[in-house]
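What follows are several structures.
What follows is a pair of complexes built around chain A, which joins chain B in one and chain C in the other.
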Partner chain A sequence: MNKVLSNKKVLALYITPALFLVLALIYIPIVQTGYYGLMKWNGIGEMDFIGLKNYKVLMKDALFWRSALHSFLLALFSAISLIGYLFISIILAGKIKGADLLRKIYLIPMLLASVAIAQLWMKIYHPSNGMLNTVLMASGIEDPPAWLADANLALYAIIIPIIWQYAGFYILIYYAALKNIPESLVEAARIDGASPWQIALKIKLPLIMNVIKVTIVLAVVGSLKYFDLIYVMTGGGPNGASEVMASYMYQKAFKGFDFGYASAIGFFLLVICLVVTYIIRRFTAANEDIY
Partner chain B sequence: MPKKAHSFLLIAVMILAAALAGCSGNTDTASGENGSKKTIKFMHLWPAGSSKQQNQIVTDIIEQYEAEHEDVKIEVEVLENEQYKNKIKVLSSSNELPDVGFTWAAGYMTPFVKGSLFAELDDVLNDGLKESFVSGTTEAYALDGKSYGLPLELNIAPIYYNKEIFEKYNLDVPQTYSEFENAVKTLTDNGVAPIALGNKDRWTGSLWYMYLADRIGGAEVLNKAIDRSGSFEDPALVSAAEEIQNLVKENAFNKGYNGLSNDEGKAEFLNGNAAMYLMGTWELPNFTTNEEIPQDFRDSVGFFKFPTVDGGKGNIDSWVGGPGVGLFVAENSKVKDESKEFVKFFVEKWGEQSVEKAGVIPATKVDTGKVDLPDLYIDVLNELNKASSLTLFADVQMSASVAETHLNLIQSLFGNEVKPADYAKQHEEALKAEEGN
Partner chain C sequence: METVKPDGTPRIGNGLDTKLVSKPIMNRIAYGIMYVFLVLVAVFQIFPIIWLFLFSLKNSQEVFNMSPFSLPANPKWENYAKVWTEGNISLYFINSVTYTLAAVILTVVLASMVTFAITRMHWKGSRLVLGLFMVGLMIPVHSTLIPLFSTFTNINLIDNPLSIILTYTAFNLPITIMILLGFYEALPREVEEAAVMDGASIHHIFFKITLPMTMPVMATAAIINMIYNWNEFVFVNTFISSDSFKTLTVGIQNFIGQYTTDWGAIGATLVISILPILIAFLILSNRIIEGIASGSVKG
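Our next item is the complex of A and B:
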């Protein structure tokens, strides 16, 4: 095996297909999207080159900035929720009874299809016979909110299932990282008289810091381009109250038939994600770099 | 061992390469002449799962056609509504539309026609087919005097009501809007949701607005605002918006309507929680023949025409509705003549069977004496013959981007987030901006 993999020609042969796939499916479409973003195009007829006009409109598009704000709110809540996941993972990795079962329970939402999760939560949020409002009414609240229909609540009502959806994923990552910490280190600390709290904070956390950084990037960038539950549960409504950048792009392309403008949004979204990733890396790259 | 690993990796690469080749392999053979047989590619949106009867009729028609034309083979692709719309968009951007497919009227169709993707169908219509259509239906598929689609469905929107609930609270079918408001009040006082509505889909709320606009300002006021011979800031259109908010204030709609899909809103009506439901005649099977819905309920459903508003200009026989889907033939089809013949055959056969077998009212005239139908259908078909005018669904009339604005504004209007005057103003601005292009 080593012999084969040290042959440069063979290496090139093996890398080419993957490289070709990545180029064809990711980088070429990105360039194309950038190109379409400079056009006025309804997706059907002729394209008109209009330069940066789409971007100029985009900068002043209040609806877009509103959806961008929602995306960033989602990213913020996702990042905050990581603290909770980390806490749970530390407990799970701490050899408690039934940790294995609990880990599986947390992971199950991740195995469900997004649409199934959306349907499930739509049933929970149903204004008159949903689980949530039934409980609220039974406990004496006469006029519980109509969650997904309320412009002030819809976004938050969707953020909850999104966070719930990914809990298992992050818990699994943290759990695996924590399990990788050599037992001897923990043992040594314990012998020196460290409390479980100190062990977690001063030994385990620093040792998995790199993993934590990666999850922050994953959570934030994943939130910025988030689409599925929003599309199924509210379609961005009522009147844009739960619209995020990706769903706004979809609306413009497939409902408003404005592919040029939607491409500009898509390209801009990519730029935002790159910038945010860079910023997060800058702030977290204190000691040891992994990029 | 190294050799073994080498060949294993090599095989993996070859499999991948083969899979890639498979992706792009068979695009050329699908359309056009295939040996001695000609192949018509046909895409429709009635999967056997969700639209069983329609799917069956389509399959029958295709079989019949292939039996009569041995040199033609029809290749079918079926997608569900939303997926269908998306796929058509993608195909048209690379100019690979199927030879025959489904389209919607007016605003939806316009970009396809302007991009010369749809073939003119006037020769088919003038071949004696035109007379068999209900008047006003083919016009919705015409642009600049030429037709580009053959409508298959015709729908109008009555208000369905639950007779049992109406009887229980001693309510009569309202003839005027003030009677209607009284009925709403009686129902809310008794804790019954008067109207079932799922406004997440937005066009559902648009129906209510369109009727109020029609009854207050007459059949033309909304059409004129959209075709720019009038203004959206017409007082009638503003007061229609005010009436919507009055209904909202009176709790006329079921709770949380702005977050419920049409199907969820409909469920409120179907399980007897709400007394009325304004919807297109495509729902008729659910109130007549659909065995999945309890017989008791189906028997208790009636319909009435949207009541007239005191002092308004509207006629009670004026309907909101219009043709649903229609057939197009692709302009760059290699088998255009055969495709045209096929769509003609399809429309004729469809008209004979659709209402009886699938409960879909065709855009072609139906002889009510000849078909065996539930009473509710006969009543609707008779109303259709009396109709004084037919106003096409607003979001279909408008271009796609204006329609988006309209639908979003409808949701805000129902959610009390926009004032009626601003509602009208924002419509006017969107329509004006479109005109400038």
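Our next item is the complex of A and C:
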């Protein structure tokens, strides 16, 4: 039996195609991005090795740090919104009629293309005929803001559809995890006289802590590399007011043709994502020991 | 005085009585408030999409002069006919279907082979290879974009559907393997082991025994892949420049520009682009939910 199941030729045949694709299209490009980040390069002509100069420029690039701040703000809001999803899921996983239908409705936005969501919300935010401002004007506010065109509001106006887009995803994950808790544990606590809140906080939350950790990583890292809605809805504008790291990188590369500098941003983005993942894992692991 | 007697019996009895009376009422009120809250969230999630359907069936006069919540007087289905025939939407649609299907088939077959090799075959380094695939989940797409663009340019794959199908496959392999892995690990090995005893070849075992047994999870993985590919934007936006190769997501983005004030046409375009996914969800919602759940939290 071992002979058949450890046939080297078959093994190579089964593993190699997928491995080749992942190495060629994910891992080697990462190394290349690191390499290009050390170059001055417009994407077509010769590359000039300039060492860490791109990173030195990056450290002083106020526009980049502003977009990094926006990315972190998005991450912060996404992480905070997890508390709301957790709350909704706990209610939903109690004995609520129609819970299944509700959670399916919550999920629908997540299934739609970001471009379609972006276009739809651009219509919702439309200054004169959008759903939002029509309601505001009807309720007596005479001069409602232009949302996406307003430098003070654009970023927050985009964060709302991003949260709208992913809410159902996290609710689904929490709901599934809560439903996996053995009924006997909850029942035992109830017989001991624990209130629904005590059961939620002292029994259910610790039991799904691992899932919560994963969702924190997903929400934070997903926010740090977020791109789609921002690129379509404002292109980072007005005047960089809603620019995030990924959209800034994209603009430097494919509009500014500064491929070397954009690669440095791309590599920096990768490092940030990996470091933040590591920090959250460490931080939440330490947290677990308290329980 | 009686109530504070050391044995405390009367007090407890009393407390229990009020509890028995008030608890159901309190519970019902709390339940009602929570229910209203959950329904409000559902309305917030679904209403923009209903609103989109509404304005896709209106003409400009209705959009600009009447309440955004009014029903279209007589639904303008011609908005749909117009965008389908006037522009390249039908072409983008066919491209989306083609790339999505090609990448889904390729991804599910390749991922099944890898998962089979990792869970069923005996070899050193299987953990390492699995780890390599799983770490792929954490890599930001933007950190690979420039090298992919330049490599595809150098090997003449830029503005070529193959570049899209291959990148979709590579970037979806990790999550697909993750979805398959749980199922493979839970699947009893006896049938496969018996086949080995009977002298079956490994290809026979994989194609004739394992693949048919994993049909349900392959379907789940396929539908998740389908959603991701159908909605993908950045790769097509970066690698494809010819109109004839664009997918719906990138196509509508350019296409909508020409209809700045024709909301009916814009709405119809958007509805056409999201309808396949909505229909799939209507039919396969449980499978989609299962796929999303198993593809996100095992790591």
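Keep this in mind: the second predicted complex is superposed on the first by the 268 of 291 C-alpha atoms of A that agree within 3 Å, B and C clash if a C-alpha of one lies under 4 Å from a C-alpha of the other, contacts with A are read in each partner's own complex, and residues count from 1 in each chain.
We take it that contacts are C-beta pairs under 8 Å (C-beta built on N, C-alpha and C of every residue); 3 or more make two chains touch, one makes a residue touch a chain.
Everything quoted here is computed from the prediction, not taken from an experiment.
In the superposition on chain A, A:42 makes contact with chain B only, while chain C stays out of contact range. Between chain B and chain C, the partner in contact with more residues of chain A is C.
Once chain A of one complex is fitted onto chain A of the other, the partner contacts of A:52 are absent, as it touches neither chain B nor chain C. In the overlay built on the shared chain, the residue A:4 is in contact with chain B and with chain C. Judged by the touch definition given at the top, the superposed model places A:33 against chain C, while chain B stays out of reach. Contacts of A:17 after superposition on the shared chain: both chain B and chain C are touched.
Of the two partner chains placed around the shared chain by superposition, chain B and chain C are both touched by A:254.
Applying the stated contact rule after C-alpha superposition, one finds that A:237 touches chain B and leaves chain C untouched.
With both structures placed on the common chain, the touch criterion links A:274 to chain C but leaves chain B unconnected.
Annotation: chain A residues 1-2, 4, 10, 13-14, 17, 21, 43, 254, 259 touch chain B in one complex and chain C in the other. Interface residues of chain A, counted against chain C in their complex, comprise 1-2, 4-8, 10-11, 13-15, 17-19, 21-22, 24-30, 32-33, 36, 43, 88, 91-92, 96, 102-116, 119-121, 123-124, 129-131, 134, 164, 167-169, 172-173, 176-177, 211, 214-215, 218, 221, 224-225, 227-228, 232, 246, 249-250, 253-254, 259, 262-263, 266-267, 269-270, 273-274, 277. Within the complex formed with chain A, the residues of chain C that make contact are 34-35, 37-39, 41-42, 44-46, 48-49, 51-52, 55, 63-64, 67-69, 110-111, 113-114, 116-117, 120-123, 129, 132-133, 136, 138-151, 166-167, 169-171, 173-174, 177, 193, 196-197, 201-203, 206, 227, 230-231, 233-234, 238, 248-250, 252-253, 256, 263, 266-267, 270, 273-274, 277-278, 281, 285, 288-289, 292-293, 296-297, 299. Those residues of chain A that touch chain B in the complex are listed here as 1-4, 10, 13-14, 17, 21, 42-46, 122, 125-128, 146-151, 154, 234-235, 237-240, 251, 254-259. Touching chain A in their complex are the following residues of chain B: 1-2, 5-6, 9, 13, 16-17, 20, 85-86, 89, 92-93, 111-112, 114-115, 117, 199-200, 202, 254-260, 264, 268, 273, 399-401, 403-404, 408-409, 411-412, 415, 417.
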